[in-house]
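Think of it as A, B, C, D and E in the order they're written, each chain with its own count starting at 1.
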Amino acid sequence: MKALAKTFVVVWLALVFVAAAIGAMLELGPAALDLRAPVTDHLTDTGVSHPVTAVLLNYRGYDTLLEIAVLLLALLGILAAGGAAGSAAPKAAHPMLQASARLAAPLMILVAVYLLWAGAFLPGGAFQAGAVLAAAAVLLHLVGLTRGWDSPRLRLRLGLAGGFALFLAVAAALLTQGALLGFPPAWAGELIMLIEAGLTVSLGLILAGFFLFLSRDLR
Amino acid sequence: MTLGLAFDLLLACALLWSAWRTLSTPRLDRAIILFIAFGLLMTIAWIRLSAPDIALAEAAIGAGLTGALLLDAYGALRQRKRRRKAS
Amino acid sequence: MTDALDWLAPLVSLDRLAWLDPLAWLVVLPLGWATLAFVLGSGRGAWAALAGVSLQLWLAVELAGTILADGATPPVGASEMAAHHAVGGWGAPLGIDLAADGLSAAMLILTQMVALPLAVYARAYFKAGDPAGAWFWPLMGFLIAGLNALFVSADLFNLYVTLELVGLASVGIVAAGGGAQQLAAALRYLFVSLVGSGAYLLGVALIYGAYGTVSIATLTPLIAAEAPRLVWLAAGLMLVGLLLKTALFPFHFWLPPAHGSAPAPVSALLSALVVKASFYLILRLWIGPLEPLLPAAAAWLAALLGALAIFWGSYRAIRAVKLKRLIAYSTVAQLGYLFLIFPLLAQPAALQAGVMQVFAHGLAKAGMFAAAGVMIRATGQDTVAGLAGAVDRLPVTLFAFGLAGMTLMGLPPSSGFLAKWQIIEAALAQGYWIIAVVALAGGLLAALYVFRVLRQAFLVSGADVAERGPVPAVPRTLEWSAFVLAAASVLLGLRGVELMRLLGAGA
Amino acid sequence: MSASEWLPLAVLASSLVPGLVIFALPEDRVATRTTLNLLGALAKLVLVLLLLAGVRAGETYGVRFAVLPGLDLAFKADALGLLFISLSAVLWLLTTLYAIGYLERAPHRSRFFGFFSLCVTATMGIAMAANLFTFFVFYELLTLSTFPLVVHRETSQALRAGTLYLAYTLIGGTVLLTGIVWLHHLLGHTEFAHTGVVAALGSEYAAQLQIIFVLLIVGVGVKAAIVPLHGWLPQAMVAPAPVSALLHAVAVVKAGAFGIVRIVYEVYGIEFAQSLSLLWPLALVAAVTILWGSLRALFQDDLKRRLAFSTVSQVSYIALGVALFGPIGTVGGLVHLVHQGIMKITLFFCAGNYAETLGIHKVSEMNGAGRRMPLTTVAFSIGALGMMGAPLTAGAVSKAWLSDGASAAGMEWAVWVLWTSSLLNAAYFLPILWRAWLRPASTPWPDERIPRRAWRETSRLLLLPPLVTAAATLAAGIFATAELSPLSWARLIAEREYLTSPAP
Amino acid sequence: MTSGLLFALVGVALFALGVAGVVLIAQLPRRILAFNLMGSGAFLVLVGLAQRGDLPDPVPHAMVLTGIVVAVAATALALALVRRLHALTGRLQLPEDDGD
């Protein structure tokens, strides 16, 4: 009875909210400000030619910095939540599958590199590239070619945190020159590429870690 | 009404339907599959909104990675349940 | 008293070092040591944390000095902020701005001030190999970074990211090494946190749709000039989302399990700082960009919920069986006070009262949870009843608990008393005596649960003590860091002038 | 910082610092603790003497710190404050000596003496507060620092008493705070000033001021144990004897009474209070308390309980004196603040001696105690006779001034109240004296712990303090007109601070 | 009506659906799904409402990219916690909090 009443109230509130929001959206006039023009105007100073990448890594690069911290943090949370130590022994898949995974993995890495490079002027970038890298790692794990991860060793920790550390280091170095993440136009392209390269590796590892650190609770 | 908008309307309905089914379907594995489908529909929506970056990210991360995570978790849960029953 | 801050002068002169902009470093520094602690590995990084937090404390004080030294400090709530940093050098609305006024500086000081003794405490608390402490230092680092970033951000979307940073760090730190109960609490907390920040994000999305910017400084005049209906909805979403995260009654349900089941240093961090962060944001929006939208009824609703929180939280604390649950429910009640100020915000005294209460509760609750951690470790029991006779074995800790309790009860000469005094006087000045009555009643209710614990600690039943055998040794550091926090909450009650000046009073 | 600023602070520090150090001392450092205690008490006495000399010579002492903009922690040492301070400083020294003897071998002495010192510090703060805000700060500190003393024995009975004590005082504190903040809101400050500060507000505030007066008096009335707010006091006698002595004679009850004096004279001003017709209700309440306390004392068999009800009655003499509109009543009330202190502390010291030496807790067990413990019983008798108002004792002086004051104010009924109370006092004290001196000891003592050694009926430290205070009771009565007697000082206060016409 | 506005409207509905799901559904993995729906709704509103005029705006695009990454981080953490809880209790629901 109580559950029913709760359902009723929640659904009713949701409907009222949707109706109100839709009504209010339909009568909304044009926005007071438009950032499209300034984004394009300063694009040459950002070091990249793709506007979204410019916003992501230059104009609002600070958001991205904190966002990587969130990602790293989620991984930390997973590690901290713990579980039995020791990783599951890999379950070897069919040799055919293993062979095709062996083939696919380098290809995927290639795709990742392309996505990273393309991000400067086309859709794509570190996140997408990192996701592909992670997919490669997970694939190898699924067919039994790599073990699940246990407590991360120093090298792995460096890999996981390296991209973020590099990003932060660049940000701090630029802060001593005037502004946090204040890329000098002459160096912006190179610096952003450096950051993105670091991020790609770390993001790949972090995203893969979301799977591989969890495999330990399978036993 | 242009053809594009008609497609958008259709897409909108599909989005809402798949979202609704994700939450209302009784089986968890179906729900996860429906959620992945929802993610793919979102990818199309992002393309329709001229946001190829987001579309890529949605496909790779929103639908792909999240979906894989969910399936992985589902598999693990089922495996443990089975083992628990066996023992 | 104008020269009372002269000791800050040498610090202020460092402002000439342009690269040392405390605003940005207060975020970069904790991110840095958090990462370092992670790379160093499981259970390590305490020294990095201690060094980092000490530096941050210095930076925060320096920032406050800069703001105070700036003769024409705009009052808190004005769209012009005393200290700026344009990230990326772009400036709002294209880029993200960091900005701080007296309110932000006060919150920053509180955060580092609470974090430093708690870091000392946690170093002694987590023994080597304790799974709960394995990743404590990087998690704490990210948590502090998130809090600092939140306090200096002047961009609504960036604030969303900081909210998530704080939220996920808190959940991770609650779940750390935990059993089923702790995990359940962490999950409950996670969902609340996600729904809260989700509602906030939708509000931001609507605002961006309506105005095309998320910079607070740019938005404030735009909203004052014209606010379509959608913006009202956005304001509602953002505030409700943040209230959820602040655990205002009736959204408090998640707080007692989360704060009550985590390890003591974690509970202390969460109760003292994390809930305050979303409160700060509510206040910042309330007296800032959303001010023209909010009717008096909204303020009274907030105050009503605050009053209910005081009564309900105190009632549950009085009845709680477990010690940490009692303290967690006390947090629910103490948060209620913060919302009593909203109908009074027409006068600056109300804001001052609110910030004083934030300080009072922050310091006292951190001290109290820290003290509770010592008691639980020493007695091996987590119930209030298990404390019988604790006064003979843990006098320092019990004294700390008593001092913190004094602040929570609002007894002089504590900062809690000053907060209560200010709330009552602001209420009387505006003729809202009902708020004064609630604040006074809340103090008495707090006395009930605080003395419930103290009374139990004084109770000796000789047989019991003999049965329990020898007392496990508790590191002195634990006892004394709890004491330092509690004592700070009392000492602030002897000198609140600087804090008030920072908020623009009596300048 | 000039002498006029640091002297009041030094008076506070002379008990605060030893207190804090003692907390940190291990239990077995008896010598260090005793030295610290006595050094602190002696230092305080010297400082108080300096202050007394200064104030007599017309110096003013004061210091203030801003706590919030517009809110100061302010101290002043004026004649009225010094009356209370001197009493407390002298009795603190004696009580410390007594407590050292009383608690020999008892556990938790560091804690006890730590809070004991804090308690005295709070009392000093109350005496020197220069505004209601400061007064309140120390008033609540007093509550907190006495709680651990009341529950010191850690028995469930002690905890019950402690809880009751807290319930009364914290609620009282809340009421008091309400009044103070309200007043602060109206006035913008809460400073104490001779002849009052609220008269400046004008007549349209009369109703509010009357309500505030009630709030303030109820707030301090809890500690002063005014009927019906006295319920905690008889329960609190479960505390160790030195604590009871301190509670009844120096700290808690007296702080309440002192608060009434400050509020009536220095916040409202006696004339303004009279014009708001606030004094006669106060007098009435005081009269009821005097009679009710005495009546209840009659029927208590427990010795300390009987003394506690006697305190309820006696402390309201002070309130009555204040409420008697006129200089003579003022002098009577003020002098009784001191006289009641020395007399009542004598009685509690003696009660402690009976309990500690022979295990006597009840009046009915006192048969023949006078022969076993003659010196103690002599001291007790002097204290009791003083309470009755017998000639040559301090009590006689107070009562004479009070009843003269009542007649002068045209309140003849108050004279009757005083006489009735004296009769009741006699009715509950004389049977004790009769039993102790004249009845033979029929049975062995309930629990004889300290054997007799030659002339010493009990341990030296237990015997000395009551003898000194008993002597003081006589001295204050016999040499009432001497230059440095409490009476002269009370007249100085009345003369210098309140009255436009010189005191008679 | 433009596609931007249309998808913004859909976004609001998805958000409401998601929130209702998180509040009403007890099974934890499904709650996580609901949270993701909620997030997607908010992202659609952010992008859609900003391009009511059908011109793409890169600023909300970048914001949504950030948001998606944050959402996947939260999802991963939530799933890890759910898996741990299941390993310890064998349940996929939060135990009733006894309030003490």
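The definition used in the following text is that contacts are C-beta pairs under 8 Å (C-beta built on N, C-alpha and C of every residue); 3 or more make two chains touch, one makes a residue touch a chain.
As the structure is a prediction and not an experimental result, all values here were calculated from the model.
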In how few steps can one go from chain B to chain E if every step must land on a touching chain?
-> 1
Per the touch definition, the chains contacting both chain A and chain B are E
Of all chains shown, the one whose Cα mean is least distant from the combined Cα mean is C
Interface ranked first by C-beta contact pairs | A-C
CA centroids of chain C and chain E: separation to the nearest Å works out as 27
Centre-to-centre distance between chain D and chain C (centres being mean Cα positions), rounded to whole Å | 43
Per the C-alpha means, the centres of chain D and chain E lie apart by a whole-Å value of 67
Multi-chain contact sites of chain E, meaning residues that touch two or more partners | 8-9, 12-13, 17-19, 23, 43, 49-50, 52, 59, 61, 63, 65-66, 69-70, 72-74, 76-77, 79, 81-84, 87
For chain B, residue numbers touching 2 or more other chains are 53, 57, 61, 65, 69, 73, 76, 80
What are the residue numbers in chain A that touch two or more other chains?
-> 21, 25, 28, 31, 34-35, 39, 52, 59-60, 63, 67, 70, 73-74, 77, 81-82, 127, 207, 210, 214, 217
If two chains touch, include that pair; go through all of them.
-> A-B, A-C, A-E, B-E, C-D, C-E
For the chain E and chain A complex, residues of the former touching the latter | 5, 8-9, 12-13, 16-17, 19-20, 23-24, 49-50, 52-53, 55, 57-59, 61-63, 65-66, 69-70, 72-74, 76-77, 79-81, 83-84, 87
Chain E residues touching chain B in their complex are 1-4, 6-7, 9-10, 13-14, 17-18, 21, 25, 27, 29-30, 32-34, 36-37, 40, 43-44, 47-48, 51, 54, 56, 61, 64-65, 68-69, 71-72, 75-76, 79, 82-83, 86-87, 90, 92
What residues on chain C touch chain E, complex-wise?
-> 157, 160-161, 164, 168, 171-172, 175, 179-181, 183-188, 190-191, 194-195, 198-199, 201-202, 204-206, 208-210, 212, 253, 256-257, 316, 319-322, 325
Chain A-facing residues of chain B, complex | 52-53, 55-57, 60-61, 64-65, 68-69, 72-73, 76, 79-80
Using the touch definition up top, name the residues of chain B that touch chain E in the complex.
-> 4-5, 8-9, 12, 15-16, 19-20, 22-23, 28, 31-32, 35, 38, 42, 45-46, 48-51, 53-54, 57-58, 61-62, 65-66, 69-70, 73-74, 76-77, 80-81, 84
